[in-house]
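Structures for review follow.
You will see chain A twice below: alongside chain B first, and alongside chain C after that.
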Partner chain A sequence: MTPLALEEVTFWYPATETPALRDVALEVAAGEIVALVGKVGAGASTLLLVAADLAPRVTGGRLAGAVRRRARSGIVLPTPWTQLSGMAFTVWDEVAFGPANLGWPGHEIARHVDHALERLEIVSLAARDPVTLSGGELQRVIVAGLLAMDPDLMLLDEPTAELDPAGARSVWRLLRLLAGEGKAIVVATSELDAVPDVADQVVWLDDGAVRAIGTPQLLAEDAACDDGLGTTVARIWRAAGLAPPYPLTVADAVRRWP
Partner chain B sequence: MRTLHPFTLLAVAAALPALAWILPAPGGGLATLLVALSLTLTPGASPGPAGTGISRSWRPGLVVFRTALFTAAPFWLFLLLLHDVRTTVAIGLRISTMVASFVWLAAVLAPDRLVEATVARGWSVTAAYLFAATLSAVPVLKARARRIVEAQRCRGLSPRGSVANRFRALRALALPLVLSALHEVDERTLALESRGLVSGARRTSLAPPPDRVVERVVRWGLLLLCLAALVRRLA
Partner chain C sequence: MSAALRLDGVGFSYGAVAALCDVSFDVAAGERVALLGRNGAGKTTLVRLVAGLLHPNAGTVWVGDWDTGGRAPEELARRVGSLFQHADQQLFARTVREDVSFGPRALGLPAHEVRRRTEEALEALALGGHATQHPYDLPPALRKLAALAGALALEPIVLVLDEPTAGLDRALRAQVADALREHAERGAALLVVTHDLAFAAETLDRGIVLDGGRLAYDEPLAALLTSAERLKPLGLVPPTVAALSVALDLPGRPVRERDAAHTLARVAGGGPGL
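Up next is the complex of A and B:
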């Protein structure tokens, strides 16, 4: 059973005539990671809000089409500091904020929070006041907060934007692990070089519509490279005038180097 | 002092100003002010040197005492400009009690314990959120204001100099501060909603502070004392 299915979804924000999403159809299976790529304003964030049942329920606006969710979802929004609960004065309490709101028993909350802190490698921050954290630390805390709620469908909007390269790699590895445990994950990212190693499926959004859906190999195609959505290696290969198909990653390029 | 139940701290901080206004001046105001100032000197009425909570000496308490006095001082000045000495003393003592009580409360009341106490008491999550978010917004806004001032300085705007300069700097600070706070509201709403903070949610209290019988008695006692004083004053 697919945790998330969007059927011909069109969505308008309040007081706008132009839809932010147009006829989007998408299915996300359990254990699958779907990467949403596209230019700024392509509709990736809106798609995540729709998938999380926040649009139009909270944002307002109008939705046409059908959204079928068969799993409990959780979302990480792009700016970590706006996602602080304001009700927690330590990182541990911040991560526990979601589970506590779900009314779980205390020991269950503690187990999930400790596990989430371990997985995001932020156990040492547990007693810190969240407002004193750096952007990268905060981003991990927010992801840990989502993880502690144990959603079956994880929706992440630029989850590595504030992280250093090592921190970003660690989050991508974690997402692969979570997918291996059966979670369905949809991630909007502009870190295109990470996509081939992380995503099973890539959805290329353009002006609110799905322009293409496929494997990460999509990011090595001419059309994607023309639109600035190729991976760095693919674009360099292409710029060097080497023959297609272009490699996606450094490892690919090394294998195919003439 | 910090280990007391948050409701007990609130009750004390509310009862002192109430009594200051109910009891006859200037004796009532003087008595309540002395109690409030004594509280500001109690160990624990300051975060202490490491900012870790309880201080063991009286010295950190002096910081709170001094803050209370400095905060109350301008009120005396205004009152003196507006009233005669007798009225100034009567109202000044009462206002000073209010100020000292509030400063003491701000020093000893840990917001997280207050949140847990309200949740444990079965208050709605939204009411608890209102409390906590208000308290936690202060350091967040202070930090953001500092960043904005630094950014403005980098672009050549100095907060020093003439009154006109200072006013310009204040305007350059206030506008981005308010606009950024408003801009965040939408995303914060989405974040809270997605993290289960919805009306009617039955939130689990993570670490409810113990509410001893003696503290409950003290709270009721304070309420009865205020009522008795009011009845006596009106009679």
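Up next is the complex of A and C:
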């Protein structure tokens, strides 16, 4: 069974007439990373909420179409400080909160928590009180909390927004590793330059609808550049008046440079 | 002329944990400074000190000729506009316009001046269409812009901003960049904490780097951004334009998109194969 499939999904937030998602169809396979890109308000966050079964179940509103997902999925919201359980006085306990709620035996919880802390490179924070952490540290704690539940499907909304560039790189690398282990990952990001090295598939959302689905090469095309969604290298190549196809990344540019 | 902002041997500790140690620098009126460093380097603490939310344990933070140590944040708001990381917590009014106008009203400005500043700030960030909405009906990115508009409406001599572009798309980032440049041209000193080195390169000129609570570098931003070996130990990596400049060995090592495109066009010279 596919970890996530959306069939002709249209979604309205409560008390709105214009849908936030319109006829969205999307399949995410195990081991695949799908990047959602688009302008602010294009619907990426809403799509993740729908995929996580938070919309309309928690947000309210109305959904048409069908959403099929595997039992165990988890979401990381773009505002990590709103996602703390409020029930834990240490980072270790915070990361253990999810697994504990799955009713796992103690040694299983401990194993998953320790492993998640290691993979997010935050073992040194284990004894800290979550409310004393910086934004970037907190973002990693929340991702660790999701990972500790060992979900088949990981949904992440701007997971690197609070991270410094080195921290962001290590999270992107981790996502590639997790996909290699078979997890299905959907990530909304405005960090377009990271997408080519991370994503297998890019979904371009525009005004709630899927405008295009393709490989990251999509982000080097004129249409994406026109809409502010080209990678930096593609945009520079184009602005310099050089001929398409534009290179997607610095490495591509070096290969093209005489 | 005295600096708009001066830190003189500033130190701060949270209990036993030292966050900043002996930090000194000046920012002149109209200067555009990026404050960089890894998570936990002390950047946010420095922002809080400049905004008067914290007072230094050692040294002095001067805003113009005011020692911030003796001033309450609401008094300091006459000279310092700030945007914090969790901008949501800065919004409290029922409409975006009311929120943006809160600062100028609290300064006791006459109604026409409050109106001018409010409308200018809304316009600078293209929030006019959202002015009558409740801030919490806006997506997080626009809430952040609303909080920034509130800081701009104070027309302060120092603008200190903590991650103003986190969660913004490219169009909104460009809008923030334009608004900040305009305020700097009018004389505001900018001190911007950011991990978004691409935004920093496009908007700011000087880079101050904190490492473990101490000042590590203070130099032209372009020189810093093209030096991978100096950035690496600080948890930073060159932004794409700087990396491209270095990888292609572009003359002058441009770090802004437009400059890189010009240089690339000139160097390529319409040569075949490109």
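By our rule, the second predicted complex is superposed on the first by the 256 of 258 C-alpha atoms of A that agree within 3 Å, B and C clash if a C-alpha of one lies under 4 Å from a C-alpha of the other, contacts with A are read in each partner's own complex, and residues count from 1 in each chain.
We take it that contacts are C-beta pairs under 8 Å (C-beta built on N, C-alpha and C of every residue); 3 or more make two chains touch, one makes a residue touch a chain.
Computed from a predicted model, the values in this text were never measured in an experiment.
Q: Judging by the criteria at the top, classify the pair chain B and chain C on chain A as clash or fit.
A: By the criteria stated at the top, chain C and chain B clash after superposition.
Q: Could you look at A:69 and tell me whether it touches chain B, chain C, both or neither (first, second, both, neither)?
A: neither
Q: Just to be sure I read the superposition right, which of the two partners does A:128 touch: chain B = first, chain C = second, or both, or neither?
A: Touch status of A:128: no partner.
Q: Have a look at where A:101 lands relative to chain B and chain C in the superposition and call it first, second, both or neither.
A: The first partner, chain B, only.
Q: Thinking of the overlay built on chain A, is A:79 touched by chain B (first), by chain C (second), by both, or by neither?
A: both
Q: Between chain B (first) and chain C (second), which does A:93 come into contact with in this model arrangement: first, second, both, or neither?
A: In the superposed model, A:93 contacts chain B only, not chain C.
Q: Quick one: name whichever of chain B and chain C touches more residues of chain A.
A: Greater contact footprint in residues on chain A: C.
Q: After superposition on chain A, which segment of chain C among 3-11, 39-47, 57-65 or 75-83 overlaps with chain B?
A: It is 75-83.
Q: Considering only the contact definition stated at the top, list the common interface residues of chain A for chain B and chain C.
A: 79
Q: Which residues of chain C touch chain A once you look at their complex with the stated criterion?
A: Result: residues 37-40, 44, 85-86, 88, 139-142, 163, 166-172, 195, 197-198, 232, 235-237, 239-241, 243-244, 247-248, 257-258, 260-262, 264-265, 268, 271, 273-274 of chain C touch chain A.
Q: For the complex, give me every residue of chain A touching chain B.
A: 49, 52, 54, 58-59, 74-75, 77, 79, 82-90, 93, 96-106, 109, 129, 131, 145, 149
Q: For the complex, which residues does chain A have touching chain C?
A: Those residues of chain A that touch chain C are 38-41, 45, 78-79, 81, 134-137, 158, 161-169, 190, 192-193, 228-229, 231-233, 235-237, 239-243, 250, 253-254, 256-258.
Q: Taking the touch rule as given, give the residues of chain B at its contact with chain A in the complex, in rising order.
A: The touching residues are 110-112, 115, 125, 128-129, 132-133, 136-137, 139-140, 143, 184, 186-198, 201-206.
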